[in-house]
Amino acid sequence: MKIGFLGLGTMGTGIVTNLLRSGHEVTVWNRTPSKCREFVKEGALKATSPAEVIQDCDITFSCVSDPTALKDLVFGNCGVLQGICQGKAYVDMSTVDVDTITDVHEAVTVRGGRFLEAPIIGSKDSSCNGQLLILAAGDQTLYEDCFSCFEAMGRKSFFLGEVGSASKMQLISGLCSSTVLAGLAESLALAEKVGLDQDQVLQILSMSSVNCQLIKQKGIAMTTSEFSDPNYKLHLCQKDLRLAVNMSDTVDQPLHVGAAVNELFKKAKSKGYGEHDVAAVYRAANL
Amino acid sequence: MKIGFLGLGTMGTGIVTNLLRSGHEVTVWNRTPSKCREFVKEGALKATSPAEVIQDCDITFSCVSDPTALKDLVFGNCGVLQGICQGKAYVDMSTVDVDTITDVHEAVTVRGGRFLEAPIIGSKDSSCNGQLLILAAGDQTLYEDCFSCFEAMGRKSFFLGEVGSASKMQLISGLCSSTVLAGLAESLALAEKVGLDQDQVLQILSMSSVNCQLIKQKGIAMTTSEFSDPNYKLHLCQKDLRLAVNMSDTVDQPLHVGAAVNELFKKAKSKGYGEHDVAAVYRAANL
Amino acid sequence: MKIGFLGLGTMGTGIVTNLLRSGHEVTVWNRTPSKCREFVKEGALKATSPAEVIQDCDITFSCVSDPTALKDLVFGNCGVLQGICQGKAYVDMSTVDVDTITDVHEAVTVRGGRFLEAPIIGSKDSSCNGQLLILAAGDQTLYEDCFSCFEAMGRKSFFLGEVGSASKMQLISGLCSSTVLAGLAESLALAEKVGLDQDQVLQILSMSSVNCQLIKQKGIAMTTSEFSDPNYKLHLCQKDLRLAVNMSDTVDQPLHVGAAVNELFKKAKSKGYGEHDVAAVYRAANL
Amino acid sequence: MKIGFLGLGTMGTGIVTNLLRSGHEVTVWNRTPSKCREFVKEGALKATSPAEVIQDCDITFSCVSDPTALKDLVFGNCGVLQGICQGKAYVDMSTVDVDTITDVHEAVTVRGGRFLEAPIIGSKDSSCNGQLLILAAGDQTLYEDCFSCFEAMGRKSFFLGEVGSASKMQLISGLCSSTVLAGLAESLALAEKVGLDQDQVLQILSMSSVNCQLIKQKGIAMTTSEFSDPNYKLHLCQKDLRLAVNMSDTVDQPLHVGAAVNELFKKAKSKGYGEHDVAAVYRAANL
């Protein structure tokens, strides 16, 4: 089974490395072609366009930064669609909105291809360590065909039903974790203002019922101002929040807190922290 | 060493039980005297006023619901102050604001008494199981004298310095955990509206970096609508939030998200869930 | 000069009436054709598709409810584009986002047509009374050619420069007035809860520096619960807010208050008040 | 009838000037005594303590900055209470919370004095021009005795019933106008970010249904960054908001938007604009 991969960003890099290590044959493509070199050294093949990857492979995965990038990749010149035909399978792992993924799904299946959406929960670290959570929805036979790949990338995969369900789940998981981050950021900022020792705050939180990996890791990042090596980029996190708030709009579900969290991340982005780690939301809270 | 305890509410009940079990001699008082009976059966002594408890004991603890209740207890008729003199020690474990605890501290010490504030992090369960976190500040010798008592009540105690520091820390811990709860509530409410399975949401969160005891326990409570047996009462949680937001005011620290969380809890209270468990904040999100 | 008009909703109805009264020759089209009859009685001509209106007229105006409806109207089967050629002029008066209006502008001009965006500020009443404010941007010669029409519809028109500027201005004006409404709604809800006379609140506001037509009119609507005859529909107002919040996202401008206002309107919509007047946002505040 | 006045701040200055101009005999006191000189030049008498003013006068007014200042004035050494006895009348015009004003009311009446709360709506300008709105509650005969004074100070006075009603009304009026200001600030900040001309925004708002004196005046202040000559100080406005949000807490009325507005003002205060005009809330929106 020949595997293709489109998009060698933070997540793609870790995923492809794990696919290669686990013995898969992988053909890669990236918008900036130079990024492909390191993978070619490790045994990957290189193609010159998304369409070519699709044509050369049985199953092609992609992971790009946002809905606009995905639409370019799929519908653009020499894009995914131009390679799709009966027998081809395409799996997108980007975090996008339901409308976008539905459009892609329709375009692929109308040409006879099989489609699976498979957005992921995790960070740079978990993508490198093969510890991603994979939320899949769409063609169930394709989900099963992806088994060895998902095993290489992640710690656990879920099949959630019809296309759209996985995107929704991913946005909701992101909403919850972003709110946790915002709560941590404001708590630490307030602690500093009232003269408490932030390390002691973290120690106490780590013994309380909110003790979790996110608070531990990002708490240290916040108190030491280590934001420059992004595990997950702040502007991507804010984009996920925007998509979640817009999704809430389609079903008339007010998100009083979620909307406030979105604005806090927006504020951090406006302060120039978009390319930093999500923990930099602290800068919006303590400014 | 004779121990006194004032206030046999949710927290006090668990604490006194653990003090008795660990072999301490305890004299109790409660505003509603009938509540004392069960402890008398277990070997506690009973007094008729806060002042009498103070007079009869070496160290007296108290745990009441809010700043107003504490002021009544301390400054009221036959209150704590009327028993305080040199040699007496008083430890308050309520969650109150810094101004209130500072007033109490001054009134006690000016009469020659020793004072420690020792608010707690935890719930009904952790008070019953002797698993509270105890945040202490004030008289350090008194903190040391309380060692065997704190060991009976809690899993860990911290000495945080001057009076006020523990109250601040407690409010900040509460701000963080309330924000986590609000994020969980909105995430689950949105999940339901977009047609996802809430149990699957919880399963996925439990595998992600926000996995913590609070999300696990309260997630189940939210999806099963089990709010009536309060582990921590919603109106007390909202009171803590109000105190945190007001504290942020004194140091000019905006809490864009924290304020939104406070309003969400206020909404749940306005819907009649004040005496229910904090997890009932879900009702404000999904209404 | 032959005038066309597409979309006979709340706003379109008032506008076309005023165009006819002022002696313009108007050809109308509406998705639900029966709505055209009353205008035919008043002297309007009727066409069977948007394309036909464009072909029959020199300048065609449109006013529909949201970006999706506008895209259908323009790009759909027998849509605006199919009638556009050199010599034709098209003016859209809907409230949409900048991306949508830019797409429409490009599609029209690439076919040789002239384009003007001209969203409006006002309500049913001001459209009936020819008292709309018209915010125009795009082709300045077309703006001048619309002079007699704008005079019939509105009290004042502004030319704001390049396409997109008018949409932006419209969203910003809506953001400001929605925030005023939300503030009024929460103030009146709080007044009732604390036992004040709401009419007295309105009287005092009407003598203070916030005295304006919006507060006067909507204040009465809120205190008398008269929401069923919409002057401006709540779901349209919320759509404008969503577009404003999304616009703020593109320029990294946090809208801490605007986002909270959007959620309040969303809440009112979720309570079933979408088709009611905007004043029904009071129902989200006093629930 | 001898009139006393305590507190010669921004508001007090204008009020006393108008009392003197209208022919009243006025005895003044101020915490910083030098401030009294200018009024003595204009014919005022000067006293050395609040108690002395009360003793020397029939009706004494006060206007100070917040609840703490009022409590000092009334309950402090040589304070108001020490002069109160049968025959004395005391009218407080500060903006405070209901609990504070109720405490003052009880302390005055228990000593045989008459009490009226009379908080005001207005700014430095309206206090200078005798154009304040006066919200009175408490002793109705005293309200009537104040007639000539209120006429000198204000444009209109209202009698609202029992003590507390006027404070509540004042907080609600402030909540509404602060929300309007926040909406204006965010609208102008967004306008600038998307490249619109802010003067044109103001012109368009001035022709729309939100056209009011507050938007006109503060809009100009925001676009020209003229905040240094405070008509109403930002930190006082934020204090009023805090009191309104806390009042909402006592009656379980969520203020989703009002709480967001409070945080925005808090942010402006944290940026050092507390002593500037309220219009400086713009600085929190455009930072």
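Labels for the chains are A, B, C and D, by order of writing; each one numbers its residues from 1.
The working rule: contacts are C-beta pairs under 8 Å (C-beta built on N, C-alpha and C of every residue); 3 or more make two chains touch, one makes a residue touch a chain.
These numbers were taken from a predicted model, which means no experiment stands behind them.
**Q** When subunit C touches subunit D, do the two copies use mostly the same residue numbers, with over half shared, or different ones?
**A** Interface between subunit C and subunit D is built from largely the same residues.
**Q** Count the C-beta pairs in contact for A-C and for A-B, then report the pair with the higher count.
**A** It is A-B, judged by the count of C-beta pairs in contact.
**Q** Would you mind pulling out the distance in Å between where the CA atoms of subunit A average out and where those of subunit D do?
**A** A distance of 52 Å separates the two centres.
**Q** Distance from the CA centroid of subunit A to that of subunit B, rounded to the nearest Å?
**A** Computed from C-alpha means, the inter-chain centre distance equals 39 Å.
**Q** If you average the CA atoms of subunit A and of subunit C, how far apart do the two points sit, in angstrom?
**A** 37
**Q** Name the residues of subunit B that each touch 2 or more other chains.
**A** Residues 248, 252-253, 255-256, 259-260, 263-264 of subunit B each touch two or more of the other chains.
**Q** Give every residue of subunit A touching subunit C within the complex, in rising order.
**A** 238, 242, 245-246, 248-249, 252-256, 259-260, 262-264, 266-267, 269-270, 274, 284
**Q** Touching subunit D in the complex: which residues of subunit C?
**A** Its residues touching subunit D are 121, 123, 133, 135, 155-156, 158, 160, 165, 168-169, 172-173, 175-180, 182-184, 186-187, 189-191, 193-196, 200-201, 203-205, 207-215, 217, 244, 247-248, 251-253, 255-261, 263-264.
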